[in-house]
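Below you'll find a set of structures to go through.
Two complexes follow with chain A in common, the first pairing it with chain B and the second with chain C.
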Partner chain A sequence: MTGQSLDARAAGRQFRAPFRAYRSMARMALRSLVAYPVSFVFNLLASAFGALAMLYLWRAVLRNGGSAIGFDWAHMKAYLLITFITGSLVSGYTDYQMAFRIRQGDVATDLVRPVDYQRARFAETCGFAVYEAGTAIAVAACAAIAFGGVPVPPLRAWGLFLLSALLVLPLRFGVVYASGLVTFWTQNYVGVQAARIALVTFLSGAFVPLGLLPEWLRLTADVLPFAGMASTPALVYVGHLTGRAAFTAVAAQAAWSVALWVLARAFWQRASRQLTVHGG
Partner chain B sequence: MMRSVSLIEATNLTKVFRRADKGPGLRGSLRHLVERRFVEHVAVDHIQLSIDAGEAVAYVGPNGAGKSTTVKMLTGILVPTEGDIYVAGRVPHRERIENARNIGVVFGQRTQLWWDLPVRDSLELLRDMHGMTQSRFDKSLERLDAVLGLSDLLSVMARKLSLGQRMRADLAAALIHEPSIVYLDEPTIGLDISVKDRVRAFARHLVAEGTTVLLTTHDLDDIEDICRRIIIIDDGRLAYDGDLESVKNTYARDCSMHFQLAAGAPVASVSARLPEATVTLGDNERELIVTFDRFALSTGSVLNAVLPDGEVLDVSISEPAIEDVVRKVYAGELRLGHSNGEAAT
Partner chain C sequence: MGKPGRPRRRTGLYRAAWLYRRCLGAHLRSTLEYEADFWIMSVTAVITQGIGVIFLWTIFRTIPLINGWKFWDVVLIYSLVVIAEGLSQLFTQGIWNLSWVVNTGGLDPMLIRPYSPVLQVLSSEVGMNGLGNMALGIGLFAAAVSHSGVSWSAWRVALALVLLVSAALVKIGLNLVTSCAAFWLRTTYSMFPFSMHRLGELTRFPLTIYSTAVQLVLSIVLPFAFMSFFPATSVLGHGAPVWVGLLTPAVAAYCLFMGVWIFRLGLRRYESTGHLGRACRVCEAGHLRRPG
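The block that comes next holds the complex of A and B.
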């Protein structure tokens, strides 16, 4: 009995200590972005121009009160700005850094720290996300004002919308982290990252609403975790997903978050066995 | 599973890497895309290690001998292809996080500081990772500061540090949590003499405090300064494991005396008087070199053998160094016997 309770106490201590560790890692990640504001602003500009192009395009299409797949101009604006914000989250710092460190062998120093590799990367991702979300919301707010405002959903929809928006983080992390691990095999990440960004942007509905895609593609995006990475919170915001459908969609986001976490962990088990660090 | 014989215990430790076997140039790379060929490279080949608490062990071998690979398996970074490792009763790669709490690792060629942060922030992040209380952290930092002189580095961004400063900060980062086992992998690489001295003094300090130290290095001065036991590996295999002093007594017996004489060196007559020694001419005809087994002859008797033949202007003696033994092993001139704890004779 005594041994057991000692074990339990030790486990409790181990649980508390890491939480502080991960919180500190998140804070450090945030600070490291603040250290290079210029490069961040350029990245943001690049994606902001993409969003601007979509806004101009849809303004032309929906001129004179037209609508497409249930969107009028006002709601399309809102949809595009929400997907702009969710698309800015987990934009590439996490996997870029992972790939660089795996390739250079610096991952060795990550592995002599008493923290879980995946949780540590997630903590950093959260730190980055605070900065990414902050700046993207600021840019989106400016754009909203410049384009004549966007409709705001009723107060009762906000809870589900915020939850759905928050779930974008673990979903995108799952994909970004797993693709970063591919570096253990390929040793090169440029192609993998480009493919990952193209796939996620397209299938998450960040480019065009998924309703515009052929049925089979839309279904694929819906069944796989992609819709939850941008489309779901945006559709909840504009009121296209309500009631039971909205709850189901958000529950799917949550389920996929857990599933991706577990899958990524299994993937790590295999990837880490590929590790070869020569010299030094 | 708890199983503690020695603090660090490895049996039949083996790591095989698979390397792409590509032909030269673009043609080779393209060919590799369709016909993938790999060669297996045995980096570490059935090594046995047994290190007790408080020991300071030098782990030595030429480039590519498998030193770093061994350290990476002992620290839980790499998974062995074959064999078992127990460090303080734990299997490092299976209980990586628990193992990491116990150990401090310095990779001389890599930094573990956060590049964009001041050194103090890196140390504080490590404090949180290791779950240290503020008072324990302060005490540990104070202790490290006394030996490493950190106070002027703490507010500097890691990327702005010079190599020597970076190494001091890295040592602090590796040891802030007061680990009982420390792996120093090439800790003096690229450092100037004064920083090297500082690093060595620090390592001696660790050993004196009872920390178990495994040191891999190319710089053989590091070894004689810090360690009493030496393990030599070559081509992934254990070439020698034993006491540093005995290996010197066994394999580094040759001492040489250099004489500067006023006139031409009398090689033949000195040689006749010292049949056990090798007598040769030095850089010029007035320089005489006598190489002898320091256990068979004394420097006094060599001196006496040279004095009758001419006026000696200057004498210097080269003591044997562990470097000579290791150089011979590297060059393949010497195959040391396997022995545990004592030198083969």
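The block that comes next holds the complex of A and C.
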């Protein structure tokens, strides 16, 4: 055995050890939700009521002869249910815990841990997301049945749809993580979170297809990462985004995922210098 | 600071109201120590509700009437929800602390003070987002009313004011009713009342868009519709029989009565710290989770 291969193995171990750490963080995050199902269910119910209001509202609009850029009721249902599922991903556990630990000063412990802060939060987000996606899909399926079924896209569209839906995770994480970091300055998070949820919900097209917005607002949502957080996967699902346009939209999602990751890292460098922990 | 001087003997309702104002005042002063919070919460409220109105406007760009309701009619309904929300945040935001207070034993000191525990809990916080909601809500209400084409006689103005206040009291009563789940649920989170609050937000739109079952839930089981839809129909004079909206003050009284009654039932179960024999959740952030 030469020295070189020993080094390589040591390096390999070093790489694997943190990954194992992230994996177990994701697992713990998942377990923390499973352990308190009552709280989680009510949390989910809260967002389900929002989706329910949208379903009824759009049903009334379409019944009253309103046009929704080529959406009929069946496709509108599908659109709203997909945006409900994507909206329940990264629904606020990550930033809430971050904000709490930053306010309390517990974040100091996170800083000395031998793991990357951002990756650790992303690992937890993935853990939460497994549970969030599972339950949201179950709720959406029930709603779909209660509202008389939704159309299913042809098999060849599924690959791109699933990829697009998966990319919602890093996109939403970028925004949620960055807004959690704002706590370093504001100390208050309830307000920041509420404003963030309202903005993202509206600009991602979760309640109203972006095509119905005034041109300048639609362009803003399309150019910024918002469209990729709900609208893109939902439009791919209902077949309004196909072919080249669909590929471009999904590529934009991927590009923004990377960009947000880098931007959030730069933001963290600035934010973590703001930390003041009293006592201890 | 005014010197209280020799306190007069205060009794009954007058004493309760006086103490309530004193409690709120103390919490208002402590809240105002954090000036940034005040601005963040006020601006947040305006952003959140403002986006809701932009959403309505977007929908009405595609269609002139939804089940016979014009844009400004729906804005009127919407504004009543915002105002009720604002008033409940300004004056009774403390109710959102109930699950925290109950499940950490924090109710103990309240029980030994010579003042109603319900009123102590209700007055234990001032929600600064209430100001933003009130400002936007009143603006929307005024704009909606001026576009509604209703002729304003003196009695209609009086009716509108009574309904406005009663609608807010419906919201406060229902908040109290749903928050009392704290005595039964083993969590420091206010998740149950929060999800019911979101259910109540369904009444931001005309009730007639919902299925019969949902309409029954919103008008009888948890009568959130009396916070917005029914009072609005009485003011506008269309959409539902006028007399239903006139019931709003009675519904408000009923909701408040139920809230106090269930609170008393809960108090009988209350066993101080370690309530229900189980440790509370580690992450104490839960008691902060409340609607923006």
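Brief remarks follow.
Note that in this section the second predicted complex is superposed on the first by the 264 of 280 C-alpha atoms of A that agree within 3 Å, B and C clash if a C-alpha of one lies under 4 Å from a C-alpha of the other, contacts with A are read in each partner's own complex, and residues count from 1 in each chain.
By definition in this document, a contact is a pair of C-beta atoms (placed from the backbone, for glycine too) under 8 Å apart; a residue touches a chain by one contact, two chains touch by 3 or more.
The structure displayed is predicted, hence computed values, not measured ones.
In the superposition on chain A, A:208 contacts chain C only, with no contact to chain B. Contacts of A:242 after superposition on the shared chain: neither chain B nor chain C is touched. By the document's definition of touching, of the two partners only chain B reaches A:105; chain C does not. Which of chain B and chain C touches more residues of chain A: that partner is C.
In the superposed pair of complexes, A:272 makes contact with chain B only, with no contact to chain C. In the superposed model, A:43 lies in contact with chain C only, and not with chain B. Of the two partner chains placed by the overlay, only chain B lies in contact with A:116; chain C stays clear of it.
Of the two partner chains, neither chain B nor chain C is touched by A:220.
Of the two partner chains, chain B is the only one touched by A:21; chain C is not.
Judged by the document's definition of touching, chain A residues 36 lie at the interface with chain B and also at the interface with chain C.
If you check the complex, the residues on chain C that touch chain A are 34, 36-37, 40-41, 43-44, 47-48, 51-52, 54-55, 58-59, 61-63, 65-67, 129, 185-187, 189, 191-192, 194-195, 197-199, 201-202, 204-205, 208-211, 214, 281, 283-286, 288-292.
Residue ranges on chain B touching chain A, taken from their complex, read 17, 63, 68-69, 72, 75-79, 96-98, 100-101, 103, 105, 107-112, 114-117, 121, 124-126, 128-131, 185-186.
Residues 36, 38-39, 42-43, 45-47, 49-50, 52-53, 56-57, 59-61, 64-68, 96-97, 99-100, 186-195, 197-199, 201-202, 207-208, 212-213 of chain A touch chain C in their complex.
Within the complex formed with chain B, the chain A residues making contact are 13-14, 16-18, 20-21, 23-25, 28, 31-32, 35-36, 105-106, 108-109, 111-116, 272-273, 275-280.
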